[in-house]
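Look at the two complexes coming up: chain A is in both, with chain B in one and chain C in the other.
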Partner chain A sequence: MKRLLLLLLCLLVQPAWAIDFSADERALIESFGPWPPPMQPDPSNRVSGRAEAIAFGRALFFEQRLGGDGKQSCADCHLPAKAWSDGKPGTGGLLRNTPSLLDIRWNRWFGWDGAQDTLWAQSLRPLLDPVEMNSSLAAIAGLLRKDATLACGYRQAFGTAPEADDERVAVNAAKALAAFQETLISAPTPFDGFRTAMAANQPVPAEFSAEAQRGLKLFVGEGQCAVCHFGPGFTNREFHDIGIPYAVRPGLVDPGRHLGIRRLRDSHYTLLGPFSDDPARSTGTETRHVDLLHRNWGEFRVPSLRNLAHTAPYMHNGSLATLRDAVRHYSELNEERLHADGEKLLRPLNLSDTQIDALVAFLLSLSAALPDFPEAEPVCRVKP
Partner chain B sequence: MRLGFIGLALTGLTLTGLGLTSLVLAGPARAADMPIFDAHLHYSHDAWNVVPPAEAVKILRQAGLRKAMVSSSDDEGTQKLHALAPDLVLPVLRPYRKRSDISTWMRDDSVIDYLQQRLARYRYVGIGEFHIYGADADLPVVRRMVQLAKQYKLYLHLHGDAEAVQRVLVQDQQARILWAHSGFDQPDKVSAMLDKHPALWADLAFRNDQASVDAAGKGKVAPAWRDVFMRHADRFLVGTDTFAPERWYYVIEHAKYSRAWLADLPSDVADKIGWQNGERLFAKMLEAD
Partner chain C sequence: MRWPVLPAALLLLLMFAVPAWACLPGFEAATTLTGNGQSLSFRSDPAPMPLGKPFALEIAVCPPPRGLAVDAHMPAHRHGMNYRPSIRDLGGGRYRAEGLMLHMPGAWEFVFDIEGGAGRARLTSAYTVR
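Now for the complex of A and B:
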């Protein structure tokens, strides 16, 4: 009788699963969290995680005088209301989609081609790029020396007034920008609630629909999406060719990772370079051993799948307008674009409309509402 | 900045390409200016808009290619390039009318009619690149294609495993095969195949394991491959493999890469693999009749 009662009790508290997940699938789903992961300071950036640098970086992020024309800030392309992206298909010389900055601190490589291996180097790049902010080391350093408020913010962040060395000042500004961007972390999502409930064998939260559960089943099963999109960030943090065309215009293609590796090798703003604050170069192993391969031509970074609801359009060139388009791309994959011995995993999924709906529902469950981004207090109150 | 980077790269290579002729005529080419015989290029239907024929030929010349073996799905792309640059392009007839035939052609009887029509109309140095693995190499369509290659005295550009190569060589012991990507096999296996089959050559397209090139552009041949290259210097060729249209813009970069790693070999071996083997095997074929 006791056993019968126990069984009845178990049945009563059994979660309302739309479908069953195998033990392997449950383990995989478990590995998609917890969110957010533990936060470690970036050892290559001595002001990573420091409040003064975060405040200074925030001020710089919205500072239009950092643009070469004195009228362009980082926030002009990375809009808080658009999950720190811009919603446009492509910008810059290679017409790449502006990536969201949410959760960027967990990237291994930065930019669609991974040409930077730190967030501070990635923050410096658009400042100096002639087709983006078109500034210079001298102009950035000059502004920080000349403007009393910014000079004060610099002093608070780095313990010294802006130095005479332009490059040092500009790199430090980039490190403050990085410290700020490290704080841009997305909130837990309906999927995270489901994952937590599943681990505790609790009922499925109402906001994680039956359709999203079916999508999750496809994601970890038949679709094999989790081979590349795994872990709490839903990315392997590397690069692949998924059959998206990468011609920019007649006569110009975007070489993607191939160009990124060449740029990384040519740069001294890396984990192995003189501006890294980590004398042990403890995080530089992958930079040291990165190889330039034929397959890198036309590969692009595997993005996180978090925040997708806010970051349309999709792919490195923003060529797919909606999430449905993105799922359909994998469903109708053009195998002709892939090498027979290259991306062996990729084959057309041939999904039904119902399956596409389910996958889209699941992907949407990886987004939380964007918080308001209130104006900050001035970084310093300097008497005129 | 990005546009400038690519523009500079192209300009630099253009100058290199222009300098080639005089260097070759003057004597043994230095490794950095070595001509390249590219044995593995495709110009399929979806490439024509992305890289128009004149642009494709321009790229081949900028890369400093001495000759380029080109196949396409369908064959029209190859003929477009050959018509524009008969001195440069060596046509290879692919048994595909579209690239998705890759997994069905060997069971499609109409492939033979297609090949026969093209062979009757145009001249080629080979049939390929075709994909075939294991026992599929003995399917009737493949057997008939092998006989067509024999009839027209053409090489077979075979992308497949060692078993497929050996099955074709059983069908025609005199068959001459260019083994695409060296079968993506291990160097000792490739070497054993070359030891066993004197009419087998191997291209190194889309492989990186045979050598690395560092940030300064200095190449280093992998020890396991060095022995194979020294032993079979007459049997290897390089190739880019433009399997997607945008990869045409990689031909120049690939030629640079090839020169860089070949420079780590004795110059006579590098010259053979870089261009002389291709020249010896294929370049005269269209002049013979």
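Now for the complex of A and C:
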């Protein structure tokens, strides 16, 4: 009788596995965590992780006077309620869709083409881009010198009043913006709960459905998704051509990574340049060795798969409206669209509707609810 | 005078199969490759080679060559690395290659091109990263 009761008890606490995972699959799933990964300050940014710089960067992020027309802030395109993206496809002069800023601190390269190798350089780029905020080094520095509250925030963050050198002040503003964006980290998701339970051989949490488990099985197996989307961030942090057309319209092509590497090499706002605060250039190995190849044409950054529920539309140009469209893209992949050097790895997955539903369910399990983003205290209280 | 076949074969073997550790004592390699009169040993730093992170290779070539190049590619995917390694000549047949990265899991092949006294040698080594 005792044995029977024990057996029943064991059956009751057995994990509710919808399917079996092999030892290799379990090891791969284990490598998708823990979340979040360890956080290290950016050695190229001396104010990375500093509270005063984070507060100042936050104020700058919502500062509309930073726009060239005095009416546009970073937050106009990176909306907190949309996981710091804007929910729009690339339109007009902007060929690419606005990426989420959540978890951006773990990027290796920034922007869809990876033209920047630091978050501070990436923060400076849209400020100066004529198609985006259309400001200038002089205008940014002038605002920070003239406005008493911003000048106070600058002083608190950098220990000095805004200097006479416009470029130095603007780059420092970008470093404060980066310090703020480093704090935008997504919460653990239903998948993370499942992963933890799997490692401890505990029951599957109710939030991780049987359909999501089947989707995970496809993700790590037949779908080969984990060849590019691996690690806690579900990305290899590199670039691939996945058959999304890069000819935008007749006469206009988005070269993607090929242009990104050329821009990186032309820039002095890099890990190897004079504005890096790391004298040893200890994180510059990739910048030093990145290669410019013909196959970089039409390659775009492999995005993280976390927070997908909040970051539609998908792909570098936002051309796919729903997650189902994105999965269907891989299912019906048009190999003709892959250019000559296209990777042999990519082939149509020919998924059934049930399989597509399962993959979508798994991908949705990689999102957590977005936290509220409360109003901040003024960065400085300056008497008029 | 005709050479006996066996001693001649042994002599040839000695001439062309000199492992790197034989002329570079103290170099502990993970892998040793031989071919065309050259022997090359290498180990990674860090070890094992990581997935998606930069690493270096410590290399010893025997006899010391005039030049050395290293690359890696995924034969099944028909692509190489996104990074071009730089090679530092440490002298005496020792080299350090930096800036390698295996950005996808799976089967990779390292290719070492050696410019040696006996001509060029291409040595390859398979490696699977998970």
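By definition in this document, the second predicted complex is superposed on the first by the 365 of 384 C-alpha atoms of A that agree within 3 Å, B and C clash if a C-alpha of one lies under 4 Å from a C-alpha of the other, contacts with A are read in each partner's own complex, and residues count from 1 in each chain.
Assume a contact is a pair of C-beta atoms (placed from the backbone, for glycine too) under 8 Å apart; a residue touches a chain by one contact, two chains touch by 3 or more.
Because the structure is predicted, anything quoted here is derived from the model rather than measured.
**Student:** Is the arrangement of chain B and chain C around the shared chain A a clash or a fit after superposition?
**Tutor:** fit
**Student:** Considering only the touch criterion stated at the top, classify A:Leu345 as touching first (chain B), second (chain C), both, or neither.
**Tutor:** second
**Student:** Between chain B and chain C, whom does A:Arg265 touch in the aligned arrangement: first, second, both, or neither?
**Tutor:** first
**Student:** Of the partners chain B and chain C, which touch A:Cys228 in the superposed model: first, second, both, neither?
**Tutor:** Once the two structures are laid over each other on A, A:Cys228 reaches chain C alone.
**Student:** Is A:Glu238 touching anything from chain B or chain C once the two structures are fitted on A? First, second, both or neither.
**Tutor:** second
**Student:** So if I put the vertex at the Cα centre of chain A, how wide is the angle out to the Cα centres of chain B and chain C? Nearest 10 degrees is fine.
**Tutor:** An angle of 50 degrees, rounded.
**Student:** Just chain B (first), just chain C (second), both, or neither: which does A:Pro371 touch?
**Tutor:** It touches nothing on chain B or chain C.
**Student:** Applying the document's definition of touch, where does A:His294 land relative to chain B and chain C: first, second, both, or neither?
**Tutor:** first
**Student:** Of the two partners chain B and chain C, indicate the one touching more residues belonging to chain A.
**Tutor:** B
**Student:** Check whether A:Pro38 is in contact with chain B, with chain C, with both or with neither, and answer first, second, both or neither.
**Tutor:** Neither partner.
**Student:** After overlaying the two complexes, what is the shortest C-alpha distance between chain B and chain C, in Å?
**Tutor:** It comes out at 7 Å between the closest C-alpha atoms.
**Student:** Kindly list the residues of chain A that each of chain B and chain C touches, one partner per complex.
**Tutor:** 291, 293, 295, 341
**Student:** In the complex formed with chain A, which residues of chain B make contact?
**Tutor:** 1-6, 44, 46, 50, 52, 55, 98-100, 102, 131, 159, 181, 184, 206-208, 212-213, 215, 241, 243-247, 249-250, 253-254
**Student:** Would you mind writing out the residues of chain A in touch with chain B in their complex?
**Tutor:** Touch list, chain A to chain B: 92-94, 128-131, 241, 245-247, 250-253, 255, 258-259, 263, 265-266, 291-295, 297-298, 335-342.
**Student:** If we count contacts the way the header does, which residues on chain C are in touch with chain A in the complex?
**Tutor:** Contacts found on chain C: 51-52, 54, 76-79, 81-86, 98-99, 101, 103-106, 130.
**Student:** Provide the residue numbers of chain A that touch chain C in the complex, in ascending order.
**Tutor:** Answer in residue numbers: 27, 226-228, 230-231, 236-239, 285-286, 288-291, 293, 295, 341, 343-345.
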